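Each of the two complexes below includes chain A, the first together with chain B, the second together with chain C.
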Partner chain A sequence: METKEYVINPLPVKTWNHLRMNSAKVDIEALAEKDNIDITAQGVTQKSVNASAIDSGLGHEFDALVTEAVPVFKAFETDADDARIRADIAVHAGEASVTALDITAKDGQTLTFITDLKGDKDASGSVALQVRLHAGKGSVINLIQAQRSGAKVTVFNDLAGELADDASVNLYQLFMEADKTYGGLELKLNGDRTSFISRTGYAVAGDEKMDMNYVVRFVGKKGMAQMKAMGSLSDRARKLYRQTIDFINGSAGSSGEEREEVLMLDPDCVNGSIPLILCAEENVEGEHGATIGQADDEMLFYMEARGIDKKTAIRMLARAKLDAVCAMIPDEEFSEEMAAYLKGKDEYGESEE
Partner chain B sequence: MEEKEKERTYVEDIERNIYDIKDESKDSYRMQEGLTEEIVDKISKEKNDPDWVRELRFRSLDIYNRMPVPDWGADISGLDMDNISTYVRPNTKMSAKWSDVPEEIKNTFERLGIPQAERESLAGVGAQYDSELVYHNVKKEVADQGVVYTDMESALTGPYADLVKQKFMKLIPPEDHKFAALHGAVWSGGSFVYVPAGVKVSIPLQSYFRLNAPGAGQFEHTLIIVEDGADVHFIEGCSAPKYSVANLHAGVVELYVGKNARLRYSTIENWSKNMYNLNSKRAIVDEGGRMEWVTGSFGSHVSYLYPMTILNGKGSSTEFTGVTFAGNGQDLDTGLKIVHNAEDTTSVVNSRSISKSGGINTFRSEVTVNKKAKRAKSAVSCTSLMVDNISRSDTIPAMDIRTNDADIGHEASIGRISEEAVFYLMSRGIEEEEAKALIVSGFAENVSKELPGEYAVEMNNLIRLEMKGAIG
Partner chain C sequence: MSQNTMEILNVKDLVVNVEDKEILHGLNLRMNAGETHVIMGPNGAGKSTLGHALMGNPKYEVISGEATFEGEDLLDMDVHKRSQAGLYLSFQNPIEVPGISISNFLRSALEQRGEKISLWNFRKALKAQMEVLQMDKSYMDRDLNVGFSGGEKKKAEILQMLMLKPKLAILDETDSGLDVDAVRTVSVGVEEYQKNQNGALLIITHSTKILEALKVDYVHILVNGRIVDTGDVSLIDDINENGFERYLKAEN
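Let's turn to the complex of A and B:
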C-alpha cells in the first residue's frame, strides 16, 4: 500500500523540538470516499457543498488531503427548531476511507449531530472523518462522537468550526478503541457571547496510540470555553494531548478553561500533555489545570474493602472516565447505547451489544 | 469602567536610570566583528588556552556553523553575528582590590552598589566588565573554610584544573544547542566556585556582569561545584547601558550539587533593551540534594532563558521561583526545564509574569518524569498578568510522563489587574499609578521574599520604575 508522510496536529506555537510535541508525522495511504455511511435524520435536508480549505485541528496538510479526496462534502440543513442527525460510519477490513460532513445550524436552531465510527470484527486500515460546524446566531449544536473502530484501525477525527453571536457548541467524545487515534479540533468563536463546552473521554490500552490537538480561538467578545479531557492509559499505551486557548486581541470579556485528568494504570504507559494559553487581550481569564497520576490508593483500598479485587477496581476506575462523559451526553438514546456498549466491553473484553 | 478599559490601549514606557549610564569605551583590545576560525584562534591565543580548551573552541565553532537557528521561540532575526565583537578586553587586569580598578569602571560598579553590597552582606564578589573579570575577592573567613571563588581562567590552570576539565561544558555540551556551541567557541570570563563537603557558606557569593561596549557579546562561563552536604547561595546580577546596536549575552552556567547539598542560585537580570540574552543554565543534583532557582528577569530585548534541573539522585529536589517583566520592545521567552531521573524526586515551580506597554512574555516549560523516577512529585504553577491591551502573554508548558507511579500537577492562569483592588487602594488615597505598582509588586512577591533584603528592594524599585506611567 503506497503511503505519503503528512505533518498533522501542529501546535499553534512551536516549542522545543526534542519534546516531539510540535506536530505528528504520519504515513497515510490515499484516502477515498466509500459507501460506508448511513444517515438517520428527521426533517433534515442533505445537500452538497464544494470543498474549500479550512483551519482544522489536524492541520492544513490533512485538510488538503480531505478536500482532494472529497471535492464535494455532504452538507446538512434543517428548518426545524430542534433536529437530530445520526451518521453511522462503518469501518471494514483493509479500507482507507474518508467522510466529510458540513453541518449548519441556522439562527436560533438546536441541532444534535451524532457520529459513530464503528468497526467490523475484522476491521483494519484507516478511517478519516472531517466534520465542519457552522453555528448561526443563537444556535446550539450538540456534536456527539463515538469512536469504536477496532484494535487494527487508524482513526483520523478532524473538526473545524465557527460560531456566530450567542451560538453554542457542546462536544461529547468517547474514544474507545483504535490502534492509533489522531484527533483534532479548531474552533473559532467569532461572534460575541459564544460558548463552547467539550468533554472528551478516552481509554487507551495495549500498544494503542492517541495524538490530539484541540485549538479554540476567541475572536468575539465575552466568549466562554471549557475543555475537559479525562481518560486512562494502560499497558504500553501512549497519549499526547495538545490543548490551546487563544485569546485574540479584541476578545475582551472572554474566559477559557482547559482541564485534563489522566489516570496512568501501568508502568509502561507514556503520557504527554501540552496545554497552551495564548493571550493578546488584557480583559480575559484563562486557566489550565492538569492532574496526572496513578489510581488513588485510598480509593483502591475502599473498593477492596468492599470485596472488589484490585484488578477489577482499577478497570472500574478507568471505565469511570468514559462513563462520566457517557452520562453527560444530552441524547438519551445514544447515551444508553454507549453505556451498554461499554458495559459489554468491560464484561467480555469486546462488546456484546 | 468598561469604556475606560477600552481606552487603555497604550502604556508609556520609561527611561532606565543608573543602568543606562555609559562609560567612554576605553577597551585595550576589541576583537573585530564576526565569527570565523581566525577570530576563534585569536581569542584562544589571547587567553593562552590550555590545549583542551583550544580544541573545544574549534569543535564548538564547527558545531555552531552546522546547527540551524532555533525554529521556535522569540524572533532573533535582528541578531547578526557579523556585527558582534565576541571579545572586548577592558583596559585593566583583574584585581582583588577595588582601589586597583580603573576609576571609570569602579564608578560603574559603585553606581550599581556592588562594593557596598560586598562590604555589607556578601562572602565574595566577582565583577566582570565586558569580556574579562576586573575584580574578584572572597572574604578570608570563607576562603579559610576551603571555599574557592575565582575567575574561570585562573581555575583552568590552578589547583582545581583537573576537576574543571572534568566538568567544563560537560553538563551543557556544545552539541546542546546553537548558542551553547557559540559559547564554547568564544567564551571568556566568568567564575569558578568550589564549596568543599560539609561547608555551609552562611552569606551569599555574588558575580556581577556589566557589558559596556556597544555591539559586543559577553560569553562568561560560571561553574559551581557544591560537594556533599555543603550549602551555598550564589547571586548573579547583570546590566548594560542601552545602545542602538544589538548586544549579545550567551553565558553558560553549570552547577553540580552533591549528595544532601543545597545550592540557591539567584539572578536579577536587568540587561539593556538592545540585548539578545541567549543564556543557558543547568544543574545536576545528586541524592538528597536540593537546587533552588530564584529569578527576576527585567531587561533584554529578547531572552531565551530556561534554567534546567536534572534530578539525578534519589530524593533530590528543586524549587523554581521566578518573575519576568516584559515592557515596550521586549520579547522575553523564559521558563524552565526539569528532568526527574530518580526515585522520590520532587519539583515545585512558582512562576509569575507581567506584560505591559507592548511587551511579550512567553512562559515555556518542560517537566519530564522518566521511567525510573518512581514516586516523583511535581507541582507547577504559572500565573500571568496583562497590564494593558497591546501586550502579549503566552504559556507553553509541556509534560512528558513516563511512569505511572508519579504525582504530577500543573496550574496556569492569565488575567489582568483587579479593578476592584485598584479602586480599593485609590479609595484610601493612593494614586492609580502607585496602586498598580503596589499590586504588581505584590504579584511578584514570590521572588522578592526569596531574595536577601537589599536585592528585594532593588527588584521592587525596578518594578516601580517599570510601572511608572502605566496608567491609561
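Let's turn to the complex of A and C:
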C-alpha cells in the first residue's frame, strides 16, 4: 500500500525541537470515502456542502488530505429545538476510509451528535473522521465520540469548530481501542460568553500509541473553556497530549483551564503532556495542571486483599478513567451502551486468558 | 468459649522480616472457627506485622514457620486466594482507590468469588449494611476511601467485611484515631459480623473500647515479636490496670 508522510498535530507555537513533540510525522495511505456510515436521526435534514479548508486540530496537511478525498461533506441541520443524531461508522479489514461531517446548531437549538467508530472482528488499516461544528447564537452542541476501532487500526479523529455568542459545546470522548490514535481539535470561541467543556477518557495498552493536539482559541469576550483528559497507560503504551489555550487580543474576561490525569500502570509506558497557554490579552485567567499517578504496590495489595487478582485490579484501575467519562455522557442510552461495552470488554478479556 | 471447635487458623513458629529486620520471632497462634481472639501489645511489638504477613503483604517476608487456614497452607496462597478462602484484613491505614466506587469495588470482589448477584440485590444488601454502620448512602458511589475522613475509612473497612463475609477477620487497630461515637458505630458493625455471620475475629488493638460489646474468647499479649501470655477476657482488665511493664521487664 502506497503511503505518504504527513506532518499532523502541530503545536500552535513550537517548543524544543529535540523533544520531538512539536508535531507528529505519520505515513498515511490514500484515504477514500466508503459506504461504511449509518446515520440515525430524527427531524434532521442531511445536505451536502462543498469542502473547504479549515483550521483543525490535526492541522492543515491532514485537512487538505480530507478535503481532497471528500470534496462534498455530509452536512446536518435541523429545525427542531432539541435533536439527536448518531453516526455509526464501521471499520473493516484493510480499509483506509475517511468520513467528513458538518454539523450546524442554529441559534438557540440543542443538538446531540454521536459518532461511534466501531471495528469488526478483523478490522485493520486506517479510519479517519473529521467533524466540523458550527454553534449558532445561544445553541448547545453535545458531541459524544466513541472510538473502538480495534487493535490493528490507526485512527485519525479530527475536530474543528466555531462558536457564536452564548453558544456552548460539550465534548465527551472515549478512546478505547486502536493501534494508533491521532486526535485533534481546534475550536474558535468567536462569540462573547461562549463555553466549551471537554472530557476525554482513554486507555492505551500493549504497544498502542496515542498522539493528541487540542487547541482552543478565545476570540470573543468572556469565554470559558475547561478541558480535561483522563486515562491510563499500561504495558509499553505511549501517549502524547498537547493542550493549548490561546487568548487572542480582545478576549477579555475569558478563562481557560486544561487538566490531565494520567495513571501509569507499567514502568515501560511513556507519557508526554504539553499544557500550553498563549496569552495576548491581559484580562484573562488560564490554568493548567497534570497529575501523573501510579498503581503502587500498596494499592494493588489492598485490592488483592479483597479477593481481586492483580490482573483484574490493574484492568479495573485502567477502566476506571473511561468509566468516569462514560458516566458523564449526557445521552443516557449511549452512556449505558458504552458502560455495557466496557464491562463486556473486560469479561471477554478474562475469558480469553 | 465457642461451641464450634473446628480449627480455622494455626500459626507455628512464624518468623517474619520487614526490610531485613526480624519482627516476629517464632510466633504461635491457634484459632477455632467463630472464636474471637484479641492481641494486645506495646507499640512495635509486631501486631500489625502478624496481620499483614498472614494476608500476604509482599513487604512482610516470611522467613520460616507455618500457617494454615482451615488446614490449607496459607503461606503458599496468592493474596487474592487468601481473601477468597475467607481471610480478611481490616487495614489500619486504608488505601485510597481513585476512580473505583465502593459499589463497583465490592461488586467486583464478590464476582471474583464466583458470586452472581443482580445489581439490584447487591445495592439493596449494600444499603442495608451501610445502615448498620450509619453511613450516608451516597458513599456507595464515591471513590473508595478517596477524601474520606479517618472514621469514614474505618467504617468502609467494616462495610467491606460485612459484605464479603469472611470466615476470619483480622482487625488491625480498627478503633485507632476514632472518636467515641465512631468507635461505637464500628463496634456495632463488628458485633453484627460476630453474631450474624459467626465469623472468627482476631482483633489487634491498643484500646478496649471496641471490645466492650463483643464476646472475647482469648486475649494474647504480644511483646517483641512473640506471644508471651494468653488468658481469658480478664487479662484485658489486667492490662488496663498495669500496662505491659511486667512483660517488657521479663523480656529484657
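Things to note:
Rule of thumb we're sticking to: the second predicted complex is superposed on the first by the 339 of 353 C-alpha atoms of A that agree within 3 Å, B and C clash if a C-alpha of one lies under 4 Å from a C-alpha of the other, contacts with A are read in each partner's own complex, and residues count from 1 in each chain.
As a convention for this text, a residue touches a chain if its C-beta (ideal position, glycine included) is under 8 Å from a C-beta of that chain, and two chains touch if they have at least 3 such contacts.
Computed from a prediction, not measured in an experiment: that's the story for all the values here.
When the two structures are aligned on the shared chain, A:D266 is found in touch with chain B, with no touch to chain C. By the document's definition of touching, of the two partners only chain C reaches A:A324; chain B does not. Of the two partner chains, neither chain B nor chain C is touched by A:A41. When the two complexes are overlaid on their common chain A, residue A:K310 makes contact with chain C while staying clear of chain B.
One of chain B and chain C touches more residues of chain A, and that partner is B. Looking at the shared chain after the overlay, A:C279 reaches chain B, while chain C stays out of its contact range. In the superposition on chain A, A:A339 makes contact with neither chain B nor chain C. After overlaying the two complexes on the shared chain, residue contacts for A:A93 are found with neither chain B nor chain C. By the document's definition of touching, both partners, chain B and chain C, reach A:G293. Common to the chain B-facing and chain C-facing surfaces of chain A are residues 293. Only residues 263, 293, 297-299, 301-310, 312, 316-317, 320-321, 323-324 of chain A touch chain C when the two sit together in their complex. The residues of chain A lying in touch with chain B in their complex are 13-17, 19, 21-22, 233, 247, 249, 252, 262, 264-294.
Within the complex formed with chain A, the chain B residues making contact are 5-6, 8, 71-73, 364, 366, 371, 384, 386-389, 391-416. Those residues of chain C that touch chain A in the complex are listed here as 55-59, 78-80, 82-84, 88-89, 91, 94-100, 104-106, 108-109, 112-113, 160, 164.
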